[in-house]
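What follows is a set of structures to go through.
Shared chain: subunit A. Partners: subunit B in the first complex, subunit C in the second.
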Partner chain A sequence: MIASIARRFRGASAGYLLIAPVLVATVVFLVIPMVVSGYWSLTHYNGIKPPQFVGLQNYLDVLSNPRFQRAFQNTIFFVVMGMGIGPLLGLGSAILLNDNLRLRALFRTSFFLPTMTSLIVVATIWKLMYADNGIINAVAAFFSLPGHPWLTDPTTALPAVVVTAIWQGFGFETVVFLAALQAVPKEYYEAATMDGAGPWAKFRWVTLPGIRPTIVFVYVIGIIGSFQTFDQVFVMTNGGPIQATRTIVFDLVDRFNKLDIGGASAVAYILLVFLAVLSYVQLRLGESRD
Partner chain B sequence: MRSRFRALAGLATLAIVFSACGSSGATTNPTVGPTTGPTGAASGTAGTSPEPTAAPSYDTTPVTIKVWDYYGDTTPIKPTLDGFKKEFPWITIDYQALDWDSMNEKFKAGLGAGEVPDLATLDMTWIPTLAANGALEDLTPISGGRVNGKPITDQYTQGAIDAMTFGNQMVSMLYDFDTYSLYYRKDLFDQKGIAVPTNWDQFRAAAKALAESSKPGGKLDKYLTAIRPNSFHFAQYLYQDGGSLLNPDNTAAVFNSPAGVDAVNIQKALLDDGSGKYWSDADGDLTPAIKSGEVAMFQDGPYYMGLLKSGVPEQSGKWAVATAPYSKQPGSYLGGTGLGIPVQAMHKDAAWLLAQYLLRPEQQVGVFNYAGAAPATTAALQSADLTKPDPYFGGEQPFSVFLESMKTSRPFPYVGAWDDIDVAIADAMQKALLGKAPVQTALDDAVTETNALLKK
Partner chain C sequence: MRSRPRNRIAKSGFLLAASLLMVVPFLWALSTSFKLPGDVFAYPPRFLPDPFTTGNYLNVTTLIPFPRYFINSTIVTGTIVILNVIFGTAAAYAFAKLRFPGRDAIFFLLLLTLMVPFQVNLIPLYKMMVELHKAIPPLGADTYFGLIAPSAVSVFGIFLMRGFLRSIPDEILESARIDGASELRVLRSIVFPLAVPGMATLAIFTFLGAWNDFLWPLVVTNSDTMRTLPLGLALLARRNTSDWGTTMAGTIVTAAPMIIVFLLMQRRFIEGLTAGAVKDGG
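Right, the complex of A and B next:
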């Protein structure tokens, strides 16, 4: 067996050597930190004194902590609202762009531009827009509508942050869906037309099945990204008001800032396990109908 | 040839792995205790003063110390470094400028990685967490209870010494102080015939008289009084009404007392009658609102003098500072910037030399001249630079007001859970001021949460 493994390695040795740097970087910068963080999650560790093994105590503390529970709740809301609206906007704009309309490249670039802009810049701009004397309230005043403290009202703060995230993110979904739409063979649409299918039927029976793998990809990546929301919250609301925008990753960073490295690591692993299970379920659901 | 290439590539890969896994962060902690700096017996009690000693002798082995400074462009530290280098030529400074936010995160990340400076500017509100985790060096042995040859107790107020002490360790040296007084638009007060308030009733009346509407009959939206829902401002009003945050031995929260309710209600009253402007920490500093005229009165610390001068120069001569109006007694939270030496620092003795240099009166005056902030040592506060008339404040001497305020200021309780307690108090303030919960309920909930944190 060892001889056959050695033989196989000799045969593919050039390939292994070429991927070695990436493998080494992955091990050094991803695998090793993950293992170390996993160990820290089982300890009380402040980064200064040696870690003290406490088993699953950090996990119990985190899961029973009201602020973490609120963070989890807020994150679920963020994901549901963000992924409920964002991909729909992305798909809608991709369908519009899929037609051979004029200046399609300009529209595509415009939709994708926010995605390429720094999260911090986008969050800062939207924070100014949401301000009491910002453009949103100014437009409201123009139409004789009352202004609103969008980011200081606990009821509207989180939806306001989600809107920012949707605005920034749907351009990516647009581009991905557009590529997927263009890969659906035109013959299928022609065949559907010959069978008397209308626009909705074509969308339901040709487009959606044709782009199903892309839909799964968008949702898997999007949900993972949404669960890791931090930058917009940090810039726009700093987790407030009254923890209304505190997210899981914000909770993680907050623990780190309090030198609770063990607790922060436990949050990271809770998020990892949750996302792994969720992604597995999504992928299985995506496969099951094929 | 091919096998030689494979062998070399394999060796290179191994070299990368071993160098990346090698410990670059491990530092050895030097022995604590002065080998440089003033000689003298170390005292077991923070801030006590042994007998004066002979002239200091220094270990002049060349050394480079890392200094992290969060003052930014207006730093009072960087301009002093050339002078320090002339006096201590064997000490080279590796100076890094950071901002306030980055310093907090970088410092804490550095603690975990063992990549720490030898001396850092630290916000006094960070000290409880850092000290409780053993991150800061006890300066008692290294100082021998003295700074620049004089007892520490002679150079700071008692409140300042309390702020620098965690347990029985002196964990930082206060470099600039923060204590609140009342900033108000004097030109508007004079124009409208409003007297400077000295108690809460007058404060409320003044705020109401000051506020205006930009549209006839419309909502009050100009010349408002800033209401800040955070623990600093809550403590301000709480102390003024004779209350406290925690009991004397810091084992239980007591801020849901009648004084605590009053402290929130006075602020809520301004919001309810429209004369107050709700301004959360997430909104940043007040200068945009001051510039637009939206805010014309607020309570804050000396550093706002610098912010006003740089951010709102066109309002020079229109502002004044007065003692904060109080209900039962003057009071304020005491904070500021401390100079801290991490316990993992490589060159503590040299760092202590720099800290002392920065605390000399002539350097402390730079805290005002460069940063517009208030130097922490009492000697510097008497200097001519700080007591001269300030044209921005109508030729008055605002520092004398802050100095008075410092005498009745107290730091936040130094408990390890302070960061979480701070959030609990801020949340309670926000709930009460935004009308999401009755004031007493909001404070009671925060007290329950605080007591649970104190028990941990």
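Right, the complex of A and C next:
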């Protein structure tokens, strides 16, 4: 009896000991900063003079600020375009790869290369290719098409940046979908064939339900990631031309640089609320299968 | 599923085109990195640099301290990976296999923190590091400590490892305890060896994230000698819009280590990265 209590106690203290580093780090580097940031979002604060409490003023200012509104629209555009196109392309090529055994390893490797490199590398390479006399316009000229200043024309700058994000995520999406497709039991397809199902019916009733958790996973990761877009914009366009590629996080960093720490913190909390709501919705969608 | 030959050729053609689209930009960057400034935008474009120059690589190793960036990235990423694997596995073991009051509540609270985007903590963390640096100069902003500390543990890693460690049978652990092994001994001699495949997955995730991280190094460093590779490259790409050869040499130097590691350990990487995505629902 005593021995078993002693053993449990030993297990307990070992448990606390093992999670202590993680707990301390989480409190110091995450919980405290988060609370501080929440407090700053309610103050006028420039990082030098003590913060002055102003209630929800920063939130009202941010939400009615045309630059933030533009950043918000751009971010939504980024998420909708990127997530509308990228995963579909990934799923499509995963289906083709699932079929095509001979060169699969080679294709998979080449698709995955951009995923392994940082967004900064990807953005730098595409900036070179988008240049006025760069390779993309040279290819266009080869087909007698007019060149275009992709990154300096406000109407094409944002789509051009989105293309790089799709390009970078495509390989990851393909490989993840391919793994999911291969995990769908072959017997389901055989049973469907015996029931006389055609290719479309098989896709609709066997493949899609089978890979549904993976679809949710890809969208959760992708949407959260694209909501935080910053790196490519920093390298390729610096938010311009005329705010055309300003994103929410770019707006946040810009305010921080201009010492509007109250405003930057309010932007951070608006982002937090958005992502929390989205994650909740996505989790519910993921649960509601069956 | 088997399809007709003509179909197969169309599909292979599409996949080949797609993989060219993935690989060609890297080859173009590689080619540009060996070109003279005047040849970068030559029309028609040339894939093979003529004349061939290694001057751009000389620039990024002498004029711009890419070797230093590389060393910084290696130190920072290496330390972050080691700390994450050790602390993450230890904590995951406690959450998966030990009983103590509050265990599940604490784990749930930790999971909630996954919802918080890093940008929320960015500015307070920066201020914290600035103050720390004033108090203790070797720590805080613009030091390795400042670059590493906020990423030293990750809740995602614990979550990943917990799922993995739950599959270790309790009997193995119990018999070790009966033999008189302490919990730390059990962790070191039994859990760690059994957890190696899971730790590899965690290490890969952490490595990718840390090596490619940008926003935090951008904010927390201000001297050139503390910059990491992506940061050094980003600042070069923004500043230097005319000398593309040098910028591409920097790009290749930044991307190459990652690509080489990937090509050597491809199966591990792909299995590791897809494991979480597929197994969860499967």
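Operating definition for what follows: the second predicted complex is superposed on the first by the 272 of 290 C-alpha atoms of A that agree within 3 Å, B and C clash if a C-alpha of one lies under 4 Å from a C-alpha of the other, contacts with A are read in each partner's own complex, and residues count from 1 in each chain.
As a convention for this text, a contact is a pair of C-beta atoms (placed from the backbone, for glycine too) under 8 Å apart; a residue touches a chain by one contact, two chains touch by 3 or more.
As the structure is a prediction and not an experimental result, all values here were calculated from the model.
Look at A:I242: by the touch rule set out above, it reaches subunit B but stays clear of subunit C. Residue contacts after overlaying the shared chain place A:N133 against subunit B and subunit C alike.
With both complexes superposed, C is the one of subunit B and subunit C in contact with more subunit A residues. When the shared chain is aligned, subunit C comes close enough to touch A:F172, but subunit B does not. When the two complexes are overlaid on their common chain A, residue A:L103 makes contact with subunit C while staying clear of subunit B. Contacts of A:P21 after superposition on the shared chain: both subunit B and subunit C are touched.
In the superposed model, A:A123 lies in contact with subunit C only, and not with subunit B.
Within the superposed three-chain model, A:Y269 lies in touch with subunit C and out of touch with subunit B [touch as defined at top]. By the document's definition of touching, neither partner reaches A:Q52: not subunit B, not subunit C.
Applying the stated contact rule after C-alpha superposition, one finds that A:I32 touches each of subunit B and subunit C. Common to the subunit B and subunit C interfaces on subunit A are residues 13, 17, 21, 32, 47, 131, 133, 238, 256, 261. Residues 6, 9-10, 13, 16-17, 20-21, 104-105, 108-109, 111-113, 129-130, 133-135, 229, 278, 280-283, 292, 294, 343-344, 419-420, 423, 426-427, 430-431, 434, 436, 449 of subunit B touch subunit A in their complex. Of all residues in subunit A, only 13, 17, 20-21, 24, 27-28, 32, 46-49, 66-67, 131, 133, 149, 151-154, 236-238, 240-243, 256-259, 261 touch subunit B in the complex they form.
Residues 7-8, 10-19, 21-23, 25-26, 29-34, 36-37, 40, 47, 93, 96-97, 99-100, 102-103, 106-114, 116-121, 123-129, 131, 133-135, 138, 141-142, 167, 170-172, 175-176, 179-180, 183, 189, 199, 212-214, 216-218, 224, 227-228, 230-231, 234-235, 238, 249, 252-253, 256, 261, 264-265, 268-269, 271-272, 275-276, 279, 286 of subunit A are the ones touching subunit C in the complex. Touching subunit A in their complex are the following residues of subunit C: 1, 3, 8, 11-12, 14-16, 18-23, 25-26, 28-29, 32, 40-41, 43-45, 87-88, 90-91, 93-95, 98-101, 103, 106, 110, 113, 115-125, 127-128, 149-150, 152-153, 155, 158, 177, 182-184, 187, 208, 211-212, 214-215, 218-219, 229-231, 233-234, 237-238, 244, 247-248, 250-251, 254-255, 258-259, 262-263, 266, 269-270, 273-274, 276-278, 280-282.
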